[in-house]
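In what follows, chain A forms one complex with chain B and a second complex with chain C.
Showing the complex of A and B:
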């Protein structure tokens, strides 16, 4: 059986002494933590070990002897060291020896006490593995993802052994607090024996963090107490708050703050990392927000923004930007039919007319943009692309929507004097962070495109009604009906008047369907565009919210802190000599860093698959960027 | 050896079973092999005039479609005043309604348990809905081209003729679908008429001719076959006359179609019976004689 001895690289040049460490019987490996130098009194060494063991709960023991032979040959020392085995009894007893040059090492592990045959010792093969004590101490080992192949059992077994070694080193941190400047009875040699690593800034921050956390936690408890006040539970407020992404984002950030500044200590390294990630993400967020704020408030950009925003909202919110693609979509939809040159001319014309409104040319842009949607509606009210539409229904729908636009324009005119002031105040919210500012932007977008939403809902409801009616009347047309109890289509004998009225309605609905479908298509495209823009903003917010920046920074600057595993370099492999390996830490890949430490996002977005989205669009069901109550159930 | 086998065959009787080892070669065919074969046991002997009588259902339905199209043509051309059609339709409906009860002395009504109040309600529903929707019907297909409408109507009327319940017991027959297709076609055609009153009267007429008239026919055929023949002849001649006033070629073709269906097709059917060779035997599928439909409902 091969015995593995883990030996810290910092102790290779230490004086002769005793090896202190832990014996892991399951892996048959000995983890050497430090070397105790001569002279010592055995009782004091045992006392020290007992103290450390009490503090760290690692069963420490004297594992064997370390002999570093300097120039003079010390035969007597060898005998003395062998004699120590009787004082510190351990099974097996390691005898490490470094020869004069640095190249020759010898290593023996002896089993002494055999009950039947005292004095007869058996020897094992020993594999010597060097490790960097500092890196192993600081690194956090990540258990590998389970391999699917047949070697999964081996991999988990070896990973457990590795984890035991990392755990031993990191838990016995107390042992490394003593350096050579301490006046202690026992002299140790380990990675900090030359002096303890520390930083003034870190110490100051540690001292300050306690009171700061307490203060902020008090403030946060005040805020959350006012947030849970009964006034906010009145009817419309929770509903509105659940639909506004700003509220969601603020709630999310409040949770983060509460977690980061909680007065309890982090339980595990993962939780500590999570807290650090949250803090860094929040700091970055606020820094970006402040940058945005300073940019906005320099050279009256808010006024310009307001001036640009009013004409945009005047017609269809983002119409100048969206008109070209939206109409192109409509144009493609109609392309298969007729009037290709006319439609393309129309699209070209629309792009040309929409262009001047991008240049803050408000006086010229405003009437243009207002006309845009009216033009679209008038185009729809005619015979768009030669589609066979029902003229009467077309006129009714067109006038209805035109009246809505009229209402919207008057609302915007009423609002326009206040927009700059509102924007100024909203801009202040950027100091809460870029994500909050983005969420507010998303909400403003939603509010300014409210009429598109209304159009979409009207169109979708009408279309849904028609589709449902047609599907059930088609069953009636074939003499079938939907059996609710058995969830299938059954044949059914209808009365004469039922048949007559059903067929009459079926005919009417069939001939009116294209008109409704076209209106639905156009407004759905507009709505999808708005939803897409909102979705992109939410994606950005989620990215800032959930990206583990601290972990990524650690991975970049201190790769050994996040260990995925280890690799071994062969230092010496000769017959008759112990195999010597150097253990190096494999850093965690970036993808798994992101995967492991990703912060949970606020999660108010529905997870639509493309198929279900298309199905919903086809059947005229409403699609929302936020999560529905029904979605949570399935 | 040969003698032995011969004596064996005489002694042992051949049996038409595979589970027994028998002293015959594999390709042996006994004389009794096909003795259970029967031919044409279910074949019917048709009487020519009976077949002609039965084909009158098809004639009637063809004539109905023809009369409907002819009336629509007159309405579209403005040759027929809608009031006149409404009056005629109402009068004939009333007469038909009275006849419907008179023919079998009210037996059918008692059997179905349908009250006169229900009839009145149905009639009211028809008239109210048709009248209410007639302006919608008028503008429904304005932007659709006339050819599309014609094509759709032709397909629908053909479908009506195909799926109509002529009394055959086949899977394709669906009186619901047939009636619905006829109504769809009539709505399509009515939407091309100049005014909404025209559309209303056209749809009402369609209900009369496609829904009510076949019900009366069925009863006439069951109770008074002679008068049914007379009515059929009258109806066919009136359809022919109407078509003749529009197009002579069409009328001749229609007459040829009616003649071939009512005279040539039955003759051909009876001729073809001679070539019938249905074989029956113990290999037939098992047939369940008892009526099991009550278990399947």
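Showing the complex of A and C:
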């Protein structure tokens, strides 16, 4: 096997001396860590190596000699260096030499004590690999594409290959603590032999972090103790708290804070990175929140917002944003169509498309939104888009919803004097972070569109009832019935009067279905719009919560810290000389940085596939923006 | 030590294979595609701009022209930076590993290094690609748990797709290095 000598680039201009490092026999590679300079006493060198070995648990040894010919008359040095092999016995003994005039190096590896052939030293092929000691020391090697099922085997696999070299360098950090200003018996040359690299700010932060962590941990334990008090366990509170996204977000942040400020030290680099990511995401969150706060509180924007919100809140139906010509268009377009779902779809597509363009002048153009919603209901109660509905049912449903809107308006009128005060206090919560403010916004939206939710539930229940009735009566029509015990459809012989009643009911239900379906469709689409807006807010919150900002910044500014692997460059080569390679660190791509270090999101949102969503919508099952207890995760 | 030969890829385009042998245990193979030709660049730009002028004549909106300029520029940048691969290099070093580098036309380099301990073998595979059968060189990786099984197949020269004669050339050289490694690693 070819002998590989890993040599630090910082030692290329060091004075002649001894090579200190680790020999990895499985790969026949020698990792040079430092150069010991003359003059030294061999016993002291051995003592130093023993000390470092004890501290770092890396078997260090003197690997060979290093000769840097700066003057011409150093022929005697070469003989002297060869003689050193007798004092520090190592197998094989490396002899590295850098010529003065040329760029090329010579390197010999000799096996001196080979049994059977005394005196004759055999030589191996040698390959010189230069590495940047600082980068290799600081980098954290990510093993490429570890499959989830071989995590257990990973621990043993990491100790082989290039990981062994990274491991050796990072573990012998003790050796690099000695610099040239230390009063020691042995002079070493390595990456920080010019002086230990440190920063006053970092040292101060290290000193301060202990007490700060202790203090914050105490405060957090107080907060969590008050959170677990029995008063919060009374009946309606846990239910409400589980539905409000603000509570979820606050709980999530509290977990983050307790993890970041826990007084225990992070065990692994991954955990350290996770803590740093959490801290940075929290800091960014709070900074954004404070910016929002200062923006809100300058020039009385809260009052403006409240004034804008009250007419919005009157009834946050989205119908008014459709201008009159658009409605006329819908009318004409649907005139020829007798199919209810298709025409209603067209209507709502127009609503959806008309909404963003009119978004800016909502506050000015719609002083009384509730009236517009009433207009929408009256339109539905007549002949919407030229469709002929069942008049009686239509009137009943329309009046029912109108009464609801009436209730809602009176509620809003009661609320309206307090809205500015409430908004002011809610605005203060932005100092807890932008995510909390966004969650509160989402909750406010959910509360203000409660009537739309109610309409949706009534419509969905009615529709669901009809669909269920129709499906069972259709079975009756075909002479079948649903067997509950066996969970299957059995054939069944009905009496004549049963069949008659069933058929009659079936006919009635079929003829009443379009009216219910229209109401259901309109309110479902309004509801879906609200859910979409809420979903977007949650997406933004999740993005801020889970984006690993610290890792991304590290990847941007110090690409070598997150290493995916290494790459080699072949340096200039001359025949007869050993091959020289330059080992560089291959940084992790951004996508895998995000993938590896993504923080877990609070995860209280359901994950519907599009198919199941459509199915639920068709059968009139309720869809919730939060997770149901019985929901299966797919 | 270094020789350059002309081969063709599976569609008949020109490819240059450059073999550098630094020592008996370190070899480099470099497959370079022809660079972006001025003719095709001009043709694409002219097509986009003529289409934009046509639209402009119809709609009389100058936004279309500026959009066309931006689309051409961004498209060219994206093509050079993410799509067009000028050179693919395979560096095989005995007892250390195999390194694959693809250099994009903009100078971006994408490097993958596979340690020799994980490499099981290098083979030429046959595959059905659209309506024809093509050959490709690939590296077989060992399963870390069961060393006799293959866990992954890594294709080499993925964008250049050279023909069999070129692949055989590379394959023979690689096998020499691998054989050298096997011979020396079994030696005590």
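By our rule, the second predicted complex is superposed on the first by the 549 of 634 C-alpha atoms of A that agree within 3 Å, B and C clash if a C-alpha of one lies under 4 Å from a C-alpha of the other, contacts with A are read in each partner's own complex, and residues count from 1 in each chain.
What we mean here is this: contacts are C-beta pairs under 8 Å (C-beta built on N, C-alpha and C of every residue); 3 or more make two chains touch, one makes a residue touch a chain.
Remember, predicted model here, so these are calculated numbers, not experimental data.
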In the overlaid three-chain picture, which partner chain does A:568 touch, first (chain B) or second (chain C), both, or neither? second
Just chain B (first), just chain C (second), both, or neither: which does A:388 touch? first
Given the touch rule stated above, what does A:262 touch, chain B (first), chain C (second), both, or neither? neither
Can A:546 be said to touch chain B (first), chain C (second), both, or neither? neither
For A:499, decide between first (touching chain B), second (touching chain C), both and neither. first
So which positions on chain A get touched by both chain B and chain C? none
Name, in rising order, each residue of chain B that touches chain A in their complex. 122, 125-126, 129-130, 133, 136-137, 139-145, 174, 176-177, 179-180, 183-184, 187-188, 203, 207, 211
Chain A-touching residues of chain C, taken from the complex the two chains share: 22-23, 25-26, 28, 91, 93-96, 99, 101, 111-113, 115, 117-118, 144-145, 181, 184-185, 187
In the complex of these two chains, what residues of chain A are touching chain B? 383, 388-392, 476-479, 493-497, 499-504, 506-508, 511-512
Quick one: which bits of chain A touch chain C in the complex? Just the residue numbers, please. 1-2, 4, 27-28, 125, 127, 129, 150, 153-154, 157, 160-162, 565-568, 570, 573, 579, 581, 586
